[in-house]
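These are the structures, in structure tokens.
Two complexes, one shared chain (chain A), two partners (chain B, chain C).
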Partner chain A sequence: MHKSEIRVGGLGGQGVILCGMIIGKAASIFDGKHATLIQAFGPEARGSACSAQVTVADEAIGYPYVKNPDILIVMSPDAYTQFAPQVAPGGMLLYESDLIKVDDKLPKGVRAFGVPATRFAEELGRRLVLNIVMTGFFAGVTGLLSYESVEQAVKSSVPKGTEDLNLRAFHKGYEYGREQSAGKN
Partner chain B sequence: MHADPKGVLTGIHFIDGDHAACEGALAAGCRFVAGYPITPSTEVVERFAARIPLVGGMFIQLEDELASSIAIQGAAWAGKKVMTVTSGPGLSLMMEHVGLAAFTETPCVFVDVQRGGPSTGLPTLPAQADMMQVKWGSHGDYEPIALSPNSPQECFDLMIKAFNLAETYRVPVFFMMDEVVGHMTERVVIPEASEIEVVERKWTKKKPGEYRPYETDESLVPEMVKAGDGYRIHITGLTHDERGYPAMTAPAQDKLVKRLVNKIRANADKIVDVREDGVAGADVVVVSFGITSRVAGAAVEAARAAGLKVGHLRLVITWPFPAKRIRELAATVKAFVVPELNMGQMALEVERAAAGKAPVLTLPHAGGTVHEPGAILAKIKEAAQ
Partner chain C sequence: MTLEGFPQTVSLRDGTPVTVRPLAAADAKALLAFYRSLPEEDRLYLKDDVTDPGWLQRFVTLVGSGELVSLIAERDGRVVAEATLYRALRGWSTHVGEIRVSVAPALRRDGLGTSLARELVKVATRIGVEKMVIEVVENQTGARKMFRKLGFRQEAVLRDHVKDINGAKRNLILASTDVSHIWEAMEALVADFSPSAE
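Moving on, here comes the complex of A and B:
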């Protein structure tokens, strides 16, 4: 069975959980796969640490927790510091490159892809959509899920009236992801 | 009969177990919920409060769990299908009213999204340590029904079953979720209302004056009436006769309490729901329920890959306990393995049913997270020797 374990980390208010929710929704509703989403549930508030654990698989998933992610998506330096050492061998790091500096905390052999998601989001008009830029970046770099399925998941998950902005953010992240991934392979 | 389409959110959703449980209740016809929100169950009532004005019904946030667990019983006698939602600390407070529901035969569903205890314990982290509390928590003899979903999809599907059982047997039914199942998000398919079977309350056809509230036939389940239909009836927590009036004598107690336990015991084979996987011919059978059954499933597969003959028996309904099935298996297996997120509760039932014919290896866990699949695998290997 093919199984990808994903962790999304960042700060409360960055849209970390929504990013995980969109990936899980894309996989399990629009891409014919199975997915589980677990959110770190504690006294989280805006500005404090926040993370989501997503498992995507071809078959039903038993154990839903993610210990050593195959894919780590981080939007804050703290999340990088906390989770980078846990990335599985041969795994992948997707990070906000204006906020995070990759160092030796990342296990050797883990491929790292950066995106200035906050800057892109600001250029698109609202800093809030940085999580959707990251989601697009994830789709573009990993190719784990089809463009259409993630696009549909974005469309059906964001507040009414913001679809256009969010889809532009998704597209921007996706295209940048395709470029970065092509450049490294 | 089929579900009322107003309460059925047909479609494919990516929602967590708490939200799915709420949708299950709405689909089952629940139209009154009273609760005092508590983590990790809050999302159930949060969603119900938002959805019920669109469906037609009522949600009341009350001052505490005592008020909640008694308000639902008033609403049940007014004719509604009812539910309250809580977690361990709240469930402890509700125990007095659980006994009242059992004794007055008031159909109601108690949702318990289990967290680590005792006391305030671990508000945001899982456990399965209320299993014996729902069996024995209120004083006196009665037989509750309890279900244990292991996914958001089952939070929907089994919730409908929970309401149907409450109506069929007129008992308090416990919906034993846990923090992981409650907060885990997965695909949930909600069918068309026409595909959902719901059990209507057993209303009497007798006229006022002829109707006796606790008169029964061979089903042992009396017929009900609702407030406002012109029947003058008396409902009490005292031992009562068929008319519902206090009858505080040993013969009345004998007759009533025996009927209350027998309406479940005599139907236990019909109510019991176990899901078996590779149990025939297995050397070791893992008995599990709720979230632990998913982790155990991963361990069972790993054990099979290592060449062991391992079966998995999942308790979908934990009360009544499938004692007969465990007794049968005890004659053929080398050992049972019982992982659970408590210090050994349902393992006691497995031991009781196995009656010394096969050893029971417990794998207790104090809660806060789930078992490591490797720990269950190691216990299976130990049992296979």
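Moving on, here comes the complex of A and C:
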């Protein structure tokens, strides 16, 4: 069975859980795979650490918890500090490059890809969509899920009236991810 | 300001394709020709003298500076409609945007004005506008219907505020729509709170 374990980490208000939910939804509803999602919140609605654990597999998943992710997506320095050492050998780190500096906490052999997601989101008009830029970046770099499935998951997960900007944010992150991925392969 | 997602092709009700894109400085002459082609009575309802080259110069400058957003619709190389989003960059109403739409008489009731207005509403919500307003004269029933479909609701009536081409006084209707709730829903969605804490 092919299985990918993903952890998304950041701060409350960055849309960490939504990012994880969209990945799981894209896999399970739009890409014909199986997925599980575990959410962890801090005590405050905004600013405290939060994370999501997503498992994507081509068969039913018996154990949903992620200890050593194959893919780590981080949007804050604290999340990087906490989760980077746990990335599985040969795994992948996707990080917000204006906020996080990659250092020796990251195990050797882990491939790191950065995206200035917050800046991109602000350039698009709303900082709020940084998590969608990050989701697009995930799709573009990893190729784990089809473009169409993640696009559908974004479209069906965001509030009515915000689809246009969210899809632009997704596309921006996806294209940047493709470029970064091509540059390193 | 760079507007992504343009040019777009909009199909009119009869299937005719029309290109919608942001106004560029090079479009100034074509825009002036469009406004000069409008019937005099239509132009009377516009706030500015759109046939004046001086107005055009100021308009294009404001579009270039980002103070205004202007979309034009083109067919066969000619401008057939124009829509503007006016927004104060300073003062107490920077959250408010005003939309004005002009469509060539031959293409009215074909959905072109609605498409332009809808695109401007999208642009406005993207750049932080929270409330959108329009001004229409009471007998502009087509425009009133179009904006009602886009969610605008009457907020005030200025009695006898407009004089038409025959000197008849008409009421001016102010309508608005609050678009702030759209992004409030997104803010709630990315709050990353525990559902059990609610």
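The rule we apply is simple: the second predicted complex is superposed on the first by the 182 of 185 C-alpha atoms of A that agree within 3 Å, B and C clash if a C-alpha of one lies under 4 Å from a C-alpha of the other, contacts with A are read in each partner's own complex, and residues count from 1 in each chain.
We adopt the following convention: a residue touches a chain if its C-beta (ideal position, glycine included) is under 8 Å from a C-beta of that chain, and two chains touch if they have at least 3 such contacts.
Bear in mind the structure is a predicted one, so any value in this text is a computation, not a measurement.
Per the definitions stated earlier, placing chain B and chain C onto a shared chain A by superposition produces no clash, and the two fit side by side.
Of the two partner chains placed by the overlay, only chain C lies in contact with A:50; chain B stays clear of it.
After overlaying the two complexes on the shared chain, residue contacts for A:14 are found with chain C alone; chain B is out of touch.
In the superposition on chain A, A:131 makes contact with chain C only, not with chain B.
By the touch criterion defined above, A:29 lies against chain B but remains apart from chain C after alignment on the C-alpha atoms of chain A. Counting the residues of chain A that each partner touches, chain B and chain C differ, and the larger count belongs to C. For the pair chain B and chain C, the model built by superposing on chain A gives 5 Å as the shortest CA-CA distance. On chain A, the patch touched by chain B and the patch touched by chain C overlap at residues 39, 41. Chain A makes touch with chain C in their complex at residues 10-18, 39, 41, 45-46, 50, 124-126, 128-129, 131, 157-162, 164-166, 168. Looking at the complex, you find that chain C touches chain A at residues 4-5, 122, 125-128, 179, 182-183, 185-187, 189-194, 197. Those residues of chain A that touch chain B in the shared complex are 21, 24-25, 28-29, 34-39, 41-42, 61-65.
Chain B makes touch with chain A in their complex at residues 12-14, 16, 40, 124, 179-180, 183-187, 294-295, 297-298, 301, 369-370, 373.
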